[in-house]
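Just so it is clear, A, B, C and D label the chains in written order, and each chain counts residues from 1 on its own.
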Amino acid sequence: MLRETKLKEIPEIKIHGRTTACRDPLTLFWTASGFECNVTGSELWVELEVTFHLYEPWFSYTVNGDWVGRQMLQKGRYWIPLFRGMSPETVKNVHFFKDLQAMSDDGESYIHIHALRHDGTFYPVADKKLKMEFIGDSITSGEGLFGAKSEQDWIPMFFSAVRSYAYQTAERLDAEYRIFSQSGWGVHNTWDNNINGALPKYYKEICSLMPGAENERLGGKQPHDFASWQPDVVVVNLGTNDAASFDQPAWTDTQTGERYKMRREADGSYCMEDVKAFQQAAKAFLGLLRSCNPSAQIVWCFGMLGMDFQQYIQEAVSAYAQEASDHKVLYLPLPPMTPESAGSREHPGFKCHQQAAEVLAGYLAELL
Amino acid sequence: MLRETKLKEIPEIKIHGRTTACRDPLTLFWTASGFECNVTGSELWVELEVTFHLYEPWFSYTVNGDWVGRQMLQKGRYWIPLFRGMSPETVKNVHFFKDLQAMSDDGESYIHIHALRHDGTFYPVADKKLKMEFIGDSITSGEGLFGAKSEQDWIPMFFSAVRSYAYQTAERLDAEYRIFSQSGWGVHNTWDNNINGALPKYYKEICSLMPGAENERLGGKQPHDFASWQPDVVVVNLGTNDAASFDQPAWTDTQTGERYKMRREADGSYCMEDVKAFQQAAKAFLGLLRSCNPSAQIVWCFGMLGMDFQQYIQEAVSAYAQEASDHKVLYLPLPPMTPESAGSREHPGFKCHQQAAEVLAGYLAELL
Amino acid sequence: MLRETKLKEIPEIKIHGRTTACRDPLTLFWTASGFECNVTGSELWVELEVTFHLYEPWFSYTVNGDWVGRQMLQKGRYWIPLFRGMSPETVKNVHFFKDLQAMSDDGESYIHIHALRHDGTFYPVADKKLKMEFIGDSITSGEGLFGAKSEQDWIPMFFSAVRSYAYQTAERLDAEYRIFSQSGWGVHNTWDNNINGALPKYYKEICSLMPGAENERLGGKQPHDFASWQPDVVVVNLGTNDAASFDQPAWTDTQTGERYKMRREADGSYCMEDVKAFQQAAKAFLGLLRSCNPSAQIVWCFGMLGMDFQQYIQEAVSAYAQEASDHKVLYLPLPPMTPESAGSREHPGFKCHQQAAEVLAGYLAELL
Amino acid sequence: MLRETKLKEIPEIKIHGRTTACRDPLTLFWTASGFECNVTGSELWVELEVTFHLYEPWFSYTVNGDWVGRQMLQKGRYWIPLFRGMSPETVKNVHFFKDLQAMSDDGESYIHIHALRHDGTFYPVADKKLKMEFIGDSITSGEGLFGAKSEQDWIPMFFSAVRSYAYQTAERLDAEYRIFSQSGWGVHNTWDNNINGALPKYYKEICSLMPGAENERLGGKQPHDFASWQPDVVVVNLGTNDAASFDQPAWTDTQTGERYKMRREADGSYCMEDVKAFQQAAKAFLGLLRSCNPSAQIVWCFGMLGMDFQQYIQEAVSAYAQEASDHKVLYLPLPPMTPESAGSREHPGFKCHQQAAEVLAGYLAELL
């Protein structure tokens, strides 16, 4: 007999991703956030509540570690079947992933999890060997991992949590992981020089880059409790949009009227004053990461989508390490996207993410 | 503005897979059957009607040739979103696949397609370079292509149309394809000696292996109109279950009381009388295939799941070719599953299907 | 202290390839023929005697199974160093390969092995798990396995024993192997319709396809003692030149004045009378192979360099199996050469041979 | 008709590797040094003069870019055939490689090239797109690239110029390259704390690390003329032996009696004073490289054989870049050796070098 159990009444469940303490419902903010359960019984459903204005969320899920489904979500509160007809007595591991980044352009785009319908018993989910946090931009949000190469629409269908280098790296290292990412954003500003799109400014709250009253209500602007989940490794994959902003028009803050722009010199070279501002922001972010994650190995990755800026990132990372006498901070180049490894929207595809995961996981396995 | 159009009112749509002439609704019998459309507009939904008793159907779909979603279906008649937020003016190619074989154990397991909801215009779908038909057992039904290696449940979740060697071979050769397959069945009998599970007996009807009144009502028992779709290549991938039946208990026909069994000799070797019965059935099937598909290249593939029987299959294929003076019939071994290429339920996994597609497509590209 | 020991005084040595009983010196006829020894000591030299008129022999050698050297040989009798400076007490396995086929166009092209210079002790070479014989044409002679793709000269430099599918298949299966092959030859005639170039005519002697008095003197025309070395597997890779001869001018026997030609019909199709002559020759060869190798599994491989003829080969193989009730004879297609896997002289390169070895070894591992 | 031409009389020939101005004979000091010629004619021989006390040199050669031979050399002056029987009118490119590093433990180990015997005409060798210099230790000397995994002897047979990441990287980038390397040596000292084995100390002379009167006579101690060959890229692959020396006994300078040792602290961590000495040496070396190669992109590679020291190397590289305002100096980790990619003597094998070349060439292609 199927019965319905509120999520808050299932202490054995494991929650993935930064979120609030609320479990009735559980709100999913970030890509790759979700829940994981070990359950007996023949059948399992999940009760979702989905809201959005522009960008509908998607989800993916795995059964016993193997990806079996992915679908676009409609608005409303409803039940979705996850498995049926399975041997009742065995324990099944089910992992539900939000398959879309926090959408800073749509303050209503959320998945909430209310309950599970099932005919089994829940068991605790064991911890993995490692905890990892990935901080990045569109690459880390998995943009371009679905869709034909020719696709140009910026829509949720083409984002993926489960095909990205983050997922794959975590699989190879037997790690639990979280993602903190935003497409188009950087260390100092966005790809189009908007200084509000500097990810470090949002690092200390649960999910403060989602706009509006709904995010306020859901608690996204509350401080994040770093002590509750300390990563062994923090991977930063930022800089691509900072580099791009040197070739974009200025951005004007409509409130102050001030204009912002990363500049090039007359000879086409980067304006070193602006490069230094970027480097200063990078070093400050590393200091912030260290203060929040006192014992983590930090690795700054770069290069999947252009390497123009790497000289300056590498120098900033090492300068921070030496100035702070913090010798657990390294720089690691990742394999560049090629025509063969490209996905949709001129972003790295599955093959490029696979190559990146191979390099990063091999590197960390050796390092740790 | 979204509007609803009955499938029968969209002549530009292409139907895949053997089915009846009915389009209101369109009934999907076989795995990999479905529809394909070229459509403009920003959004597309499909109206399904789903029935089943034991085994729920799943579907997968591609957008512009790239697989974007897969989900388990609930009973009932309802709308499912396929894409939204896309550039309205571009033509999108959407291909909907039934992701489960015709289930001969569940006479109510069907997907029906009623209508599409959209805000665009439909355009014709161009023909591909080739037409192919694949005839087979669980391997061709894609059993084991989803799910962890440890999975043992025989459930729809673990079948796949879109990961199989048939899909991959067709992609490599730019072919449209159909599948005629049934898990556990063979040329002469099933894996457990049931002589009703001989696929050739059902080849001339649309889908006569589905039992019961519902199949009768839907027209599955009607003769198939071979002239309407003539394949350039017919791939037969049968024999694995015939070989297995030598090691299984006899099957008794409960109506006649007769017992059937493929036998081994006292020394463990195959009983040659039974082998000859198999060979006779294989040759007769090749004759039937030829009569239905006068100009097709026929390739009998074998070996993904054990090669024990291949000597006899190879001999039967060549004997047919010589006796019938039909020199467009060849035998091709496919790479055997290894521990690394296994999927769930001790069946070939994606890697094994990929290897098979590489061999088969390479072979056909050279041959044609 | 280095000392010289005649080969005939080293009973521990293992001789590879068909040859006579003479060991003073040992004559190497076929490609991949040679010697293998287990020896202690710090240094090893080999005393060769090399003759040729047009086509100089080459050799390759392995130390402990790893290929370390390959060189062109000059005329004369001289010593060549194989290793030096190694730990004296360990046993080193050294395998010397003739790296050139028996050259039927140069009756003086031979390597003779007289003696070894060393400071160690010889130990017996253990038998491998399997014995294999490979019978073929230029593909099996390793033509095209060295040299840039653009090379067109037909010279020994571009032949290789050690890169071929035969070597690689034997390595994967832990097999000792022999090669019986001739570039340009076939089952019924050569690529240019010469009926003297039918390999089956030479199968019963040690190496009767080498012309002239020198071969007479060396014993190449003596009957081969099949009982002395019975293969577990015989691989036949012939038919490519037979197929090619349909597109070549007739060959005239200058002694009888008779003209020979495999013909095409006016419509371009193969003349079936000639195809039947080929099939007859193929079946007769299989009968001969069986009479010489009573318990071997025979596999006829084909397809690395064009598949045009495979229908007829496959039919001939199965017809033989059925007519002779000999069910240890199978046909196996091998992966066709592609632009990426081509070597020099428009022949299969290392990658194509590697693919063939993978298929063949995987197949045999499953079969045996 | 074959004729003999002194090397000094062939101005069209291209010399590879650091050497003196002498061409009668040409002396080969470093691994991968040699000569390259474009020549018509049917046949080519080379006259070598080979000397050694302990470690015999080997050579490899390519014909039209494809590796065809490799052999151990005997003492003496003699002729070796490189090709014969080729079409006389075509131009053949032949590249002769010393296949052994400069052996600092054997002051007599040299190859000298006197003359070529041929029947053709020489033509100039065109320049490649890039010039590269590789500076390294045993990895760059190709130690372990030949020989079975179990081999432990430190002998020339197991070194290779032609299988190394340097050769492969140069091939992928269409680059001419030189190698400056010594097995066991480092930036500050050798693997066993010998401060004479610091490669930077020898960088300004042609080949001053070879000991003895013979090297004096041959001119190895003369200053190298950097202006004569300016690389576009300098790859440094050093640090592995410096890292290892922390775990080795002290080395005593027998002339001064002084003891040298890179130390660990009581808790097992590196002694930071010694790490700083290493970093100081690394920065000084980068300064020296820049002064000798004013416009080269410098890349410090590390990690094929242990990554323990990379934090300090990365910091030193970036510190140099910032202190010197020299922004053409980068650090690049290379893929670590795994059990599958290991060669002989517990050194990286071909597969590991291939992975390194893929990363390095991909990186440079993007960077340049």
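Rule of thumb we're sticking to: contacts are C-beta pairs under 8 Å (C-beta built on N, C-alpha and C of every residue); 3 or more make two chains touch, one makes a residue touch a chain.
Values in this document were obtained by computation on a predicted structure and should not be read as measured data.
J.: Which chain has its C-alpha centroid farthest away from the centroid of subunit D?
T.: With centres defined by C-alpha atoms, farthest from subunit D sits B.
J.: How far is the middle of subunit A from the middle of subunit C, if each middle is the mean of its Cα atoms, in Å?
T.: Each chain's C-alpha centroid was found; their separation is 58 Å.
J.: List the centre-to-centre spacing of subunit A and subunit B in whole Å, with centres computed as mean CA coordinates.
T.: 39
J.: Distance-wise, how many Å sit between the C-alpha centres of subunit B and subunit C, to the nearest whole number?
T.: About 44 Å, centre to centre.
J.: Scan subunit A for residues touching two or more other chains and write them down.
T.: Not one residue in subunit A touches at least two other chains.
J.: Sort the chain contact graph into one of these: line, ring, star, complete or other.
T.: Topology of touching chains reads as a ring, each chain with two neighbours.
J.: Looking at the complex, which residues from subunit B come into contact with subunit C?
T.: The contact residues of subunit B facing subunit C are 303, 307, 310-312, 314-315, 317-319, 321-322, 327-328, 330-333, 335-336, 338, 359, 362-363, 366-367.
J.: Across the complex, what residues on subunit C touch subunit D?
T.: Touch list, subunit C to subunit D: 54-56, 63-72, 74, 81-87, 146-148, 150-153, 155-157, 344.
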